[in-house]
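I am attaching a structure below and will ask some questions about it afterwards.
Chain lettering (A, B, C, D and E) follows the sequence in which the chains are written, and residue indices restart at 1 in each chain.
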Amino acid sequence: MLELKDVSYTFKDGQKVNPVLQNINLTIHRGEFVSLIGKSGTGKSTILKLIAGLLHADHGSILLDDKPIKLGDVGYMPQHDLLFSWRTILDNILLPTEIKKQKKVKKQEAIQWLEKVGLAGYEKAYPKELSGGMRQRVAFLRTLLTGKNVLLLDEPFGALDALTKKEMQAWLLSIWQETKQTVIFITHDLEEALYLSDRVMLLHPDDDLEESPIPFERPRSRDLLYQQDFTRIRKKLEDRLRHDEN
Amino acid sequence: MLELKDVSYTFKDGQKVNPVLQNINLTIHRGEFVSLIGKSGTGKSTILKLIAGLLHADHGSILLDDKPIKLGDVGYMPQHDLLFSWRTILDNILLPTEIKKQKKVKKQEAIQWLEKVGLAGYEKAYPKELSGGMRQRVAFLRTLLTGKNVLLLDEPFGALDALTKKEMQAWLLSIWQETKQTVIFITHDLEEALYLSDRVMLLHPDDDLEESPIPFERPRSRDLLYQQDFTRIRKKLEDRLRHDEN
Amino acid sequence: MMKIKSFIRLYGLFAIFTVIFLIAMEAVVEAGFVPSYIIPAPSEVYRAIIDNLSSLIFVHLKVTMLELGIGFILSVVIGVILAVAMFFSKTIEKIIYPIVLISQTIPIIALSPIFVLWFGYTIWSKVAVTFLIAFFPIVVGCYDGLRSGNSEYVDLLRSMGATKWQIFTKFHVSSALPVFFSSLKLAIVYALIGATIGEWLGASEGLGYYSRRMSGQLNAAGVFAAITILSIAGIILFIIMSLIEKRLLRNRRS
Amino acid sequence: MMKIKSFIRLYGLFAIFTVIFLIAMEAVVEAGFVPSYIIPAPSEVYRAIIDNLSSLIFVHLKVTMLELGIGFILSVVIGVILAVAMFFSKTIEKIIYPIVLISQTIPIIALSPIFVLWFGYTIWSKVAVTFLIAFFPIVVGCYDGLRSGNSEYVDLLRSMGATKWQIFTKFHVSSALPVFFSSLKLAIVYALIGATIGEWLGASEGLGYYSRRMSGQLNAAGVFAAITILSIAGIILFIIMSLIEKRLLRNRRS
Amino acid sequence: DNNKLKDVTIMLDWYPNAVHSALYVAKEKGYFKDEGINLKIEMPADTNDPLKMAAVGKIDLAISYQKQVLLSRSEDIPVVSIGSYVQHPLDALIYNKSKGITRPKDLEGKKVGYASSPTSEPIIKTLVEHDGGDMSKVKMVDVGFDLMPALATGKVDALEGAYINHEYLLLKKEGVNVGKMSLEDNGVPDSSELVFVTGEKTLKSEKDTLTKFMKALAKGQDDVKKNPKSALNVLLDHENKNFKLDKKVETESLNILLPLMGDKTTPFGQQNPKQWKNLADWMYKTKITPKKVNYKDAFMNLNY
């Protein structure tokens, strides 16, 4: 169980002060798939960084299974792909394995993963030789291979075409169903959020976190996207988002 | 008029050879708004780099108004935001103005542009203080302020939430209608492509460029998105894309 | 006030360390383990400094600083010009770089007759040595810094139709700053050595001259008095350089 | 074959320039504008080299290279260790950095009695001078390189639970390489100067010793013969360093 | 009326010390001015620099060593000695008494330090062989710049190239058990330690001025002889501005120097052709000079 209790965070840089998050409360259960949506700049990425332990809340606490969260507890995929330019693709995705000595992922296995995300034959390439979407997939794989129980994914499929995105989504769901990892997923694609999640959290600019449970059964089929219930929730969320306009 | 005639391009790095584009033909008329879609890694960004003059075609020619294209002829927005970390947001968007001495954009004007993309008050901030979507908007503004007749936009709204994206789209269309610039627009969002463009070009992995004219009248309203004609074309394009799956 | 406090906090450790070291040295020399004409007792050095303080500071240090100042500025100006020229033109690079290297492999003392011939015993012979020693790290650092820029940014600027010079001023200059400053910190220290060595080529003032005279007299305390002042000057110059670096690279981390 | 060709293409310009320069020098000296006991005619230097080639190369150059080799390796090893220690611990930094700086502001000549005391006239006194001169750019370059890493990557590694040491090996080491190599190129040249100067503090072999002996015999051609070989050695060492740099930084541009 | 004065630049052999008293006294008392000379004093970086600078005419006069003059001429460096300053060697074998050295032959099996000078080895060879010793048993150690620490720290047992009026005194002062052994009593020809050197061209064009210089200097030397104490004070005062000389050491040094700087047989400044000849012969014999130097061209006694 992952709990954010009354979390506040303010960016400070000399004189400049930018209070981004105030009194955020959020509880995510083990194995849950939660999407985080909201307008650009509301603080979604900041929340992930706080959970990853990269930033420290000014107030409040973040607990994982009742213990304060610490670095290395979760798998984190940042919004920029941040591939290491001097490492091959294979070495990039093997990085978490190098760091945590337990749960070794073998080279052969890693190459199979690459094939699954459509990057067969790229294991020896360097990041500069990849397109934007390909880099994103590599960064995604790298996060997956941390093997953590909690995955924080910051717009993992943002730069992908519909088709590749769909494949990746299906694939992510199948992995998730198998491993029962907890996933927090940032996206701007409502359809994606609804299709994947158990719950969608909408972060308003006033730091209110609005919850929308997505009650559809699993496994979900793609047809879901055209069902009335689905579009109704989607419409509702769109309205709620539009509400932030003024 | 912008013409790509029989353009081929191969990435070479020592032994490695990666033929990305072969015999691409494309003609874009003055003032046209063309979207470029296709699977991740097919070479969309590469086409833009060729048109921008950053890469040189191995074969074929690229002509702008019958003259071979050269650096500085078009406004180019790369897929990574590439903001200069040591420049403030304002100085980042004023960069093209500093480079081309004619068509000066004044500071005051630039600040107004920032307001229009929802970044009021950020002119003195540094890029590291911005969220992913905010950075993208800055990069977009920077391209706009090149003041060129041809704009090449590589996934300009990829990291934006639906609402902000919608605002940016509307705003881009209004500018475009006013200035009659030629726009080539890469996106993975079919709705976006259809809504904005006169023509959508689908780049297949086999380097075939498939053209779909979008016959809707301008100015277009958002209601268009729910009209049958629109969804029909969208469906067709989705099918064509899916066709690339195997 | 704040500044002084943080300074003390920062360098307090070093100060404590220094004091312990000096006391140990004093004991070692006192006990006769090391002859005092080779390494003098710190107390002797202290006395040698105090006894000649005003001449050390207002005559010798002043002169050395003047030589260093002129030499360093010349190094920076000419070093940067050379690096920039090499950056812009492969042809110039191919000619200049070997010459720069050769200039460093020639022992200064072998050049002394040539320097004297050209500059006589004026301040310029010392400036020349200072320059010769200090400009090398600047050329290498500045050139390497300029070349190290990420090419994606260059492409962006090129796409805007930026001239080579504009790409240089808008991007390379800024992206070269970290390596450049690293080399400036080296250069300022080398400039100090340069001025000192320059004084050996014939001078009648300056800390290098002073230390050499004292060494000729087997007066180790006098030698170390000059060295102490040189060291303090060197550290202060380095700190100044580091502060400028910190200041200018403030908004760097992306 | 390819290598040789590209080498010729690259350095052909410098070669042409050198030839022109040497011919001009020859003419100037021949015409008596500069006395040959101050700057000898290139042809005399050539003869001085050829006449003593085997002793210059197999005795003196060999010894100097040995001193340089040991001194340079020590500089790299100890310099890197110091830089890494400073990188990991502010406390160590506050103590070490001033000492490193002090070590550079002391004129070598002032240290010569101490070196004699400690090392006598063995190879180690020359190695010590070499080390003292060459380790400074390595410490500064390596330390600055380590600190210059983009913090986003560090954050990514931290989020994976990487230890300080892992962050260091996986990220900082690689990201420090460009600045580090810039300083290695300086250091290898300085090591050469260091070995030369070290030989002046007492030696019986080596190019520094040779040049000093020749200078004592007022044999300018002999001095320049040694300098010529030193310069060539310096350029070759620098080129080797540059090639290693190029090799290791190949996949850098993102 | 400085304008009418002729600028003459002299470069010392080393930094100012007791040996240069006459120069400073003559300058202080205006003897040079009286002769129409405005004297500028420079200091060298390297002991070889003054000769070269004199040869190219960058300076008018240099204080250098008689051996160096001959060596220069053998290398075709056109310099001429116009006067002797210290007419006999200051150079002596300085040794550590506790190492059991009593005569040159005792150097066998010992280490002799020297300062990269080409004359040191031949001198020791002459010394040892004159005493019937075997040079191949002597270990010569080039100690670079620093003679004194080499002996003081026990790295060598004796020094060649150290002066009886400087290194010897300083080492003694620091408590090192040093002894000295004269070279000219042990087979090495007598020589002038310091001479005034000018370039051939300068000599041709400025013979007059140079003569006047020697004249003024001789006057200065007279004063030094008459009152060494006050002469030394002139030097010490002059140097005091920037640098304090050790008065005790310099006084002792001057005491040693004065008898060597002109006596009844050879007045101050006079050069003895015999001395030149013997030295030139010895230098050729010991292969210090690659060719035989015509000693007559190497010096000229000016009449003043």
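Simple rule for what comes next: contacts are C-beta pairs under 8 Å (C-beta built on N, C-alpha and C of every residue); 3 or more make two chains touch, one makes a residue touch a chain.
In this text, all values refer to a predicted model and were calculated from it rather than measured experimentally.
Traced through touching neighbours, the fewest hops from chain A to chain E number 2.
Most remote chain with respect to chain A, judged by CA-atom centres, is E. Here the two chains linked by the largest count of contacting C-beta pairs are C-D. Put simply, the C-alpha centre of chain D and that of chain E have 38 angstrom between them. Spacing of chain B relative to chain C, judged by their CA centroids, is 50 angstrom. Once the centre of each chain is set as its mean CA position, chain B and chain E turn out to be 85 Å apart.
In chain E, the residues that reach two or more other chains under the touch definition are 46, 48, 52, 56, 146, 148-149, 153.
Shared interface positions of chain C, defined as residues touching 2 or more other chains, are 37-38, 109, 113, 117, 152, 200, 212, 215, 253-254. Under the contact definition stated at the top, the residues of chain B that touch 2 or more other chains are 80. Pairs of chains meeting the touch criterion: A-B, A-D, B-C, C-D, C-E, D-E. Taken together, the chain C residues at the contact with chain D in this complex read 10-11, 13-14, 17-18, 34, 37-39, 91, 94-95, 98, 101-102, 104-107, 109-110, 113-114, 117, 136-137, 140-141, 144-145, 148, 150-152, 178-179, 181-183, 185-186, 189-190, 192-193, 196-197, 200, 208, 211-212, 215, 220, 223-224, 226-227, 230-231, 233-235, 238, 253-254.
Residues of chain E touching chain C in their complex: 14-15, 42-46, 48-49, 52-53, 56, 58, 146, 148-149, 152-153, 170-171, 173-174, 241-246, 249.
Put simply, chain D touches chain E in their complex at residues 35-38, 109, 112-113, 116-117, 120-121, 199-204, 209, 212-213, 215-219.
Contact residues on chain A toward chain B in their complex (touch as defined above): 11, 13, 16, 18, 37-41, 44-45, 79-80, 118, 125, 129-134, 137, 154-155, 158-165, 188, 190, 238, 241-242, 244-245. Residues of chain C touching chain B in their complex: 152-153, 155-162, 166, 170-171, 174, 251-254.
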